[in-house]
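Here the chain labels run A, B, C and D in written order, and each chain numbers its own residues starting at 1.
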């Protein structure tokens, strides 16, 4: 599917929502308004938005501890996300989940996840379910380079392959797992080979190029929807910030960070939009400002939402 | 009209009936299809329901449990068989961190109608990696219901309830009982979780026993009767939810209790039941609540050793008598 | 001469001293090297001992636990760090089916001198997959010793014993205590497993508390003192082996006991300790043994909810008073 | 290393010991003299013997539920093995382990294993240990095609690769895991790719040709011993009997079984020995007879060994 200018502008907008959402997370976190851990997605926006642009509303995603971007890309409401990360009752999970567990079952968002690789079983099972329920839904699992070293990757990809399940494994290789370089703990010069070994078609993608991500995902979605089975996408990307807010970032050089930032995925799409005449600088500035207002309103929504009633602690253990 | 069925047949009937009733129900596990399961519990299901709904998996316990969680989240009602209870150690993250917590973490959005069937029990000379009874672990974790049936009828009724439940349920089947026969009532009769069953009424002492230990307790009760000790045998049937009231009432009546379970004794099921009873029936207790779990050793292979680890009639009788103290008097 | 150390420093000292003493001791885990661990417990060890002995692993809990088992079997003495206790669910087969059973299954041939360090405890708004206290599971399994220190001194002494032990040992560190300061004696002083410690003497009631709950119990004891209730606070320090004698003796003296532990209450550590005490001190008990574990719900994220799940001073005081019955009299 | 005639005859002999040992296991099992489960190795002898012929006495192996062959190949005593499978006190494990848990630590046999894939962590850890203890020991792990689908395979191979550990992963592809064909549950047309994805050199080997197994293992051992890191060997083989004694074998055709049996590994080496003049038919018959007597003696040893004292049940939990 060709992307028209409206779709491209919408994709630009979503990336900006993620970026600004995360900047505000940083802000509220450092101001002590958000407890727990905050894993920022800043720098990786093109992956989530490019991938979700190829999905339908009724398709499924599974996300990670670094999940805000995926959720927003799939249509999550940022006000309820903000309330959730603050532990408020209007949050997606009534304050029970926090940043690492936001889900919106109505949007096919099967949850962020606190376990590295924790989404792989879930998303493969959702694909199995789509098949058994005879829908043409597709399931896309986001996971990091770190999860490539968890055994569950082998087990789920193997089952997806033998059963030709409509699932897309999207690895966000942001080059680090916590404070350790992926290259230090991840064997093999070609990580796509880890999927190809199961005869699962695999593509490496420039994760800073949202159109490349979109096209690769569209290819994988087409395969899945038409019954051809699973695919694997290895998106090369980078997180600008630390592993979580508070990380001192001592394991990376300033130069390395700057090199990646120089290729910023949002600016890249902006240039394309302006160069191609789809939008003017002013148009984009207007988008940025509108988004900023929206995110500020979301923060406000969160701040004003009440805490859950302590008696809710015993609710929702069982259905 | 009750029919005589083996435990294995009863389990199979429960699955078959639920699969007929609800197309969302399906079964997955190692060799559950063509082979009918290593314990022959699932024989015939592949023929009736086909390979999509009776799914032979690779040897990948974590992986297929994970798939089941995802399928349950999105409209299916999987039954997962873990062949030997020992292998569930490979799927603990999927069960405990994912399945049991998703509903709570999502603030009530998610529903995980997942049923896990697995085995417990020693006695087959299968040694330490094929003989464990790990049910206490699951009873400890919020978000999962735990059934541990002792008869074909209970096995069928409880499994039907588990499959219909919108929550994660685990059913432990003692592999030594699969050929045990018992009356199973006709008809669609799920047994609700949380209802203990008095397997034998009595007056002098309460034997609370689980799974195959119920039968050992019943035999011990017969022998005790010959010595004019009348033992009541109660089977909690589900550990979560636990029918505290039924257990406590019995002990209030008898004043004495012995708990028998095939999990290891220390930090196991017998501890919780003993703690509950002394909490709630303290003033009526004539002796401390006694307990008998499996020995706190890995299960040995040799027949000369293995049976030393499992509670038996003699040990039950000795433990009951000990509640009267060495002189046979109230302590 | 005792020095003031944080809990984290004490743990680090134990590892550093043992690594200096014995070249077979080494540490592996996620980010334990360059980063010094996510809780900064292992800071400086890489610099002193190098990357062979302070080994950053891939994110593969089952895998590196498995490697540690193999290394322990063949002459090394690995210390494995599992960052959050919740992640140990991924390594249960390696620990329970392999490490804990190899010695027994091999008839005493194998030796598995493996030390596992991991965390427990809620209170950091880390939600349900980063807050569990799963120590009861391990205490249930034969073949593994379980330590659960409450002070920097105990943490150091118990960890040194664990590392020197020729068996599998697991040490649970409450992540909320890493910055807690306490006196730590100088010198090489391993604390033997199986010795409870009276953290505060008292006469009227025994509070048996583990890990960080010891400090909550101590605060509650102070408040109770103001109401002229003298509480003895005992820390078992190790769950396996358990110093039954020390616990029972205290309760024999006071006639009342409350067990406090941060694992879930049902089928947890409090159950075993309550069962043991009522078994052995039955005739001296003036009230049922009371217990206070974490609420039987997954740990919620919101600060408005999370602290509802953890035992606190107010609940301890209420539970103690309840042992006297509503009228303040002996029940 | 070239194999001289003496070594070849010793290898022949070891294969025959395994074959006859297993036939007697079948016999005592069906006569009710051995409890538990018996997984026979008959048909696969060339793999264990060929591989262990390339190992030193102080090298390590880890084995599986189908472990008798590996143990015998590495030098295990068949009398103590027989006593063990009968649960007798003179067994390797004093009757505590049984068939699935026989170990001989003094021979570097780190144990059979009841968990599919259970030996992978152990053997990789033994390799790590060899490296850390600065020996040149090598560690070889046997495992089935079924274990290829367990996540632990990915995790351990990855670590062996990044740390260049002296370990050999030897997969015995006997075409089935229990009653399920490997082809039905194992994705990928080339299973060697599962190791190659980690840049671990991999070779497929005719597991019925003991010399091929030996040579491939020697190649892998040389790599390991000289610090070049792990290797993967995929040995194609077949078990003649059921998954365990009692299995009705309904999932395989008679033709398939006969085709594999026609290429029997023992007869193949026998022909080579006689054709090459290293041994006469009579020589081999003499070996067969001597072995038969030895195995009968082992059975006898087991039968006459006493049961362990019940009080031993509490021993050996802790050191």
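What we mean here is this: a residue touches a chain if its C-beta (ideal position, glycine included) is under 8 Å from a C-beta of that chain, and two chains touch if they have at least 3 such contacts.
Here the structure is a predicted model, which means the values were calculated and not measured.
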| item | value |
| --- | --- |
| Most distant chain from chain B by Cα centroid | A |
| Centre-of-Cα separation between chain D and chain B, whole angstrom | 37 |
| Euclidean distance of C-alpha centroids - chain B vs chain C, Å | 29 |
| For chain C paired with chain D, centre-to-centre distance based on mean C-alpha positions, whole Å | 41 |
| Shared-contact residues (touching 2 or more other chains) in chain C | 57-58, 60, 62-63, 86-87, 90, 93, 97, 104-105, 127-129, 142-143, 296-298, 300-301 |
| Residues of chain A touching at least two other chains | 93, 95-97, 101, 113-115, 118, 149-152, 154-155, 158, 162, 184-186, 317 |
| Pairwise touch network: line, ring, star, complete, or other | complete |
| Touching residues (chain side chain A, partner chain D) in the complex | 149-155, 157-158, 161-162, 184-190, 193-194, 196-200 |
| Residues of chain A defined as touching chain C within the complex | 35-37, 87-88, 93, 95-98, 100-101, 113-118, 146-147, 149-151, 177-180, 184-186, 251, 307-310, 312-314, 317 |
| Residue ranges of chain C in contact with chain D within the complex | 24, 26, 52-53, 57-58, 60, 62-76, 93-94, 97-98, 102-111, 142-143, 145, 166-167 |
| Touching residues on chain B, where the partner in the complex is chain C | 62, 86-87, 89-90, 92-93, 96-97, 100-101, 104-105, 127-129, 136-137, 139-143, 239-240, 242, 263-264, 266-272, 274-275, 278-280, 282-283, 285, 287-291, 296-298, 300-301, 331 |
| Residues of chain D touching chain C in the complex | 60, 62, 91-97, 101, 103-105, 110-111, 113-115, 118, 120-130, 132-133, 139, 151-152, 154-156, 158-159, 162, 315-319 |
